Amino acid sequence: MTDRVRVGVIGTGSLGTRHARTVAERVPKAALVAVTDERRDVAEVAATLSPETVHVPGHPTLLSDPAIDAVVITTPNDTHVEMICAAARAGKHIFCEKPIALDLAGANAALAAVSEAGVKLQVGFQRRFDGAYRAARDKLRSGKLGEIELVVATTRDPSPPPAVYFERCGSFFADTSIHDYDVLRFLTGLEVAEVHAVAATFAVEDIGTLATLDTAVTTIRLENGALATITNSRRSNYGYDVRIEVAGSKGKVAVGEHQQSRFETLTDRGATRDFVGSYWDLFEQAYVAEIQHFVDCVANDTEPEATGHDALRALEIAVLAERSYTEGRPVAASKLR
Amino acid sequence: MTDRVRVGVIGTGSLGTRHARTVAERVPKAALVAVTDERRDVAEVAATLSPETVHVPGHPTLLSDPAIDAVVITTPNDTHVEMICAAARAGKHIFCEKPIALDLAGANAALAAVSEAGVKLQVGFQRRFDGAYRAARDKLRSGKLGEIELVVATTRDPSPPPAVYFERCGSFFADTSIHDYDVLRFLTGLEVAEVHAVAATFAVEDIGTLATLDTAVTTIRLENGALATITNSRRSNYGYDVRIEVAGSKGKVAVGEHQQSRFETLTDRGATRDFVGSYWDLFEQAYVAEIQHFVDCVANDTEPEATGHDALRALEIAVLAERSYTEGRPVAASKLR
Amino acid sequence: MTDRVRVGVIGTGSLGTRHARTVAERVPKAALVAVTDERRDVAEVAATLSPETVHVPGHPTLLSDPAIDAVVITTPNDTHVEMICAAARAGKHIFCEKPIALDLAGANAALAAVSEAGVKLQVGFQRRFDGAYRAARDKLRSGKLGEIELVVATTRDPSPPPAVYFERCGSFFADTSIHDYDVLRFLTGLEVAEVHAVAATFAVEDIGTLATLDTAVTTIRLENGALATITNSRRSNYGYDVRIEVAGSKGKVAVGEHQQSRFETLTDRGATRDFVGSYWDLFEQAYVAEIQHFVDCVANDTEPEATGHDALRALEIAVLAERSYTEGRPVAASKLR
Amino acid sequence: MTDRVRVGVIGTGSLGTRHARTVAERVPKAALVAVTDERRDVAEVAATLSPETVHVPGHPTLLSDPAIDAVVITTPNDTHVEMICAAARAGKHIFCEKPIALDLAGANAALAAVSEAGVKLQVGFQRRFDGAYRAARDKLRSGKLGEIELVVATTRDPSPPPAVYFERCGSFFADTSIHDYDVLRFLTGLEVAEVHAVAATFAVEDIGTLATLDTAVTTIRLENGALATITNSRRSNYGYDVRIEVAGSKGKVAVGEHQQSRFETLTDRGATRDFVGSYWDLFEQAYVAEIQHFVDCVANDTEPEATGHDALRALEIAVLAERSYTEGRPVAASKLR
């Protein structure tokens, strides 16, 4: 089985372990050969996912192993640039969680390292691999709904992460809204022209940075004049609420709904349905598909979707939102380019 | 305003009072001129609905008033034959609630009296006046869904009526299932060929007649070979549950849903919706439309929809269901004709 | 029947005629005694709604009739101030469609005239009379959903009005978005602190005023810090799309859905549902209820809901949106007060 | 990796290949070591699923391999008894698709062979492994919905299988309705007391056996007096339509819906959704879970859910339905025992 893509996972927290399990169990063309994490005990648990997997002490050791073809980076956001650069220099193909950087300088440095090394880079925008999003994109690209005019999107987490998370995650816009920024580009095929953002902190303790914002509205003017509004929250209470509507001049597509299970209870107090409990409940198939896609691209030497360019573009929108929020006024995208 | 249709209402219980209010307030071409009820106090309340309305002591007095053009009969089911015959003999046009009789002999007597008097008779199958049912019928009649093959219908009341109701309502099939029997004919345009019914008493005290059955399944073979199953209950707990699906060889229409309000609450315990609380909540517009239709037919001398023939046909199905239930076997419709 | 409230309707276009019919047919305590319209033929048709109704040539004649207690004003938006002032001076109680004025000076003049005359004024914010909106408000006010944090609302018309309409309707914000501005205040019980608006013209010919904007996003910061985003369009294609979600710290209410009929067709091409065709399809009951409420208030000498104060507050938000759109930056509400 | 459960698959048609792929790719504790099929080319394709898999010529060869621990039987229905008996005699644990036999004598022979050999037998009632069905069962067993009173269920395939299928599949009741019969028992925890079935042939060529029935209604009285009605069709056109409602004395659970994707398109022709295309689209996770469960039971020496007893009970209902259909009358379950 030496023809399988040998993968190492750097950072085996919740999502990192899920990606590691996907590599081990759901991608026959790949082998999970090594894992590492700052927290040794966490990595050791992940190393039990397959008899082929070993735990190694730190990402330098993992990256120096010539038997490894590709890495999955799921470390804290503030380490992504360093990890991408190191992996690229080591000649490994790279799957990195979003965002690839906390600022544009970092993003550009990461992309330059990838480019110089000639390795592949795929970013964890898993919605691009969800069937409903792909069907929506195809419908919009077919022209049957006319020109894009108005977009309404939301991503709301059920509850906020622990306080320690905010020390390394970057701004709320770069950490959470970035999923919607990317989907906006993915579905419309359009770039942004102007961004205005307002935000507030309701659910978490404010540490005086953009990280602890937890409620935001981003208004975007796209290059064709279309308007978009994106709402985000770190605390919905009612589950993982992810929906988007894109209206064209002839009609609209709507993706997403609140309900998770095809199961309803009706009593004399009304009808009760569940909700989507977590990102994994909603997007498990997409998360698996993105890893399978990455491995396919490495094995077949083809370019992955959800590229570093896409990651940079989405981060630019987050940076524009940060500036707009900080300065209290709309900011043109041309300010960045 | 002498050109308005002058209407008297016989029986001003819950639904009778609603019909009286419709005549008084929602049908400009009609005047509510008289009401009567066995319970004098109930009728006196209804008489306040309009300054033009008087209370009269008993239906003979009401029927002998030459100024009355038409009557609405909403007395207990076991009086419908007597009321129809008396109204017809008095030359009044008749709107009568379902069922028109508790047995076929009574139904035939009522229809003969109507025919002899040359008056109009409309039966209270209000679903025929509901927009969704009419749209479903039109879709089915268009041929776009092919030949009718399979029907699944249900009518479930939120909670059973008081015990006294069962003394005069006739069988559960003739009292409740008859709505589905009529809609089955209305939507498919087909007559029944064979009926099989099973039933049980779960929610009310059994008085040893077919009236206190409260849960039933009627299986019907239609004249073209299509199959139908109808479930009924007097006690859903979760509101007035009325739905029907008709599948043809090319597709299906589905009418009805549980939710009443366009209103949903989402909390950490899930998503909650209301349900349809009562027949009036679901069918208010249809109830008003059927009375408006009746008045129009009287004013314009045209034949009403939801005729005595329809009432007889629906009752025949109820009688077949009664026999099937009693004898524990399917009964062919040819046994009746 | 002299105790009924005698109502005149000024302006019998589409909605004016609907209100006139409601007075004539659905409000027993009211009589439709007079109608007028700039277009004589239109008013003559409306005068046939009831045998009690006469057509009069112009609103001065109608207002000078001492037998009239109250008026419904449904003339073009740019005449509302003049009509309110004239009606108030004539001592008539007033039901006026939104907006009460095209600018704040006009609104203040209208409210002053009403106040001086001591007449009642109700504004046509019919959503306040819709059961789902009232249930949502009650749920939010109960505190069970915690503090208000995030609002997402939309109002989209199926297709734009004719070009002539834009000459007199005021800005898109004052004409259309104002419904959402009012509902925002109604549901949250909060005033606005800051407004930012972006807008575009996609569906109609641009005549260089704020009237022919047809697509807009308004971002609002409420006085408690909560954020709201409102999207509006004059051309959805897929019907009258009106929805609102209000998220509190403990959960969310959602009002509105796309589907009108409880009717679905399933074939080998998928499942098809209809949509809400028009404002009347969605809000007929609310439109009737608001007129009934107005007549009740006149008859019983009580204050109507949906007051001139509410109209002024909603218009202020529209004016803030106009300024924000024109100046390309957020505008604080304090600029107006 | 000698500790993995070594599995052979007998019959690698559509579902057999899916099960084989599940064993190879989704169950780390299992190894797909051998496949066989009457059609050599079909089996050879399946043998490429894993480098560990070999194709063997016929089930006797496969069963005589001492290195194989367990088999998955997905051959035509009319061979299930022979396959189960042979596998049991060879000491292999058995996962067999439904139905385990075409008649009760066959079922009893199969169960006797399994019992004598002391091997495990799990039957392919995959709905028992679907999260929504399990949640519904738990809700019903909790007692919060009271006593079971009324059940309405349906299974409808999108389109009929090819004519050759009907030569070996057994009756429509044993082939298709049996899924609903099993779920009825699974959700209610009740056995049946009486069965009445009507059926018709609309969509396929009638070959004069119970196999080519394609539309059926089964009415069932459960041991506690509750009533159930089950509708089945081989040709819905609008996808794989599988739903069930179970009403208790205090409320109802409803499982299933038409829509597959969280994706809707709205244009001026209405709202369009997709439907569930196939059994795999709806139940992929359940199909994987049942195989994982089977392997776990073999590896850990525990008893599987969905037992031979369950398969026998479901087949008994099918046999009662066959008799009822043939004789044109209800048949009591006591006739079989």
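For clarity, chains are labelled A, B, C and D in written order, and residue numbers in each chain start from 1.
Here is the rule we go by: a contact is a pair of C-beta atoms (placed from the backbone, for glycine too) under 8 Å apart; a residue touches a chain by one contact, two chains touch by 3 or more.
Computed from a predicted structure; not experimentally measured.
*Asks:* Which chain maximises the distance between its CA centroid and that of chain D?
*Replies:* C
*Asks:* Which chain pair is joined by more contacting C-beta pairs, A-C or A-B?
*Replies:* Result of the comparison of A-B and A-C: A-C.
*Asks:* I'd like the Å distance between the centres of chain A and chain C, where a centre is the mean of that chain's Cα atoms.
*Replies:* 42
*Asks:* Just how far, in Å, is the C-alpha centre of chain B from the one of chain A?
*Replies:* Using C-alpha averages as centres, the distance is 57 Å.
*Asks:* If you look at chain D, which of its residues touch at least two other chains?
*Replies:* 236-238, 250-252, 264, 266-268
*Asks:* Which positions of chain A touch chain B when the two form their complex?
*Replies:* Interface residues on chain A, with respect to chain B: 158, 236-239, 258-259, 264, 266-275.
*Asks:* Show me the residue ranges of chain D that touch chain A in the complex, using the header's touch definition.
*Replies:* 1, 24-26, 28, 50-51, 131-132, 135-136, 139, 144-145, 250-257, 261-268
*Asks:* Taking the touch rule as given, give the residues of chain B at its contact with chain D in the complex, in rising order.
*Replies:* My answer: residues 147, 149-150, 152, 154, 156, 194, 196, 198-200, 202-203, 215-217, 219, 221, 225-229, 231, 233, 235-238, 247, 249-252, 328-330.
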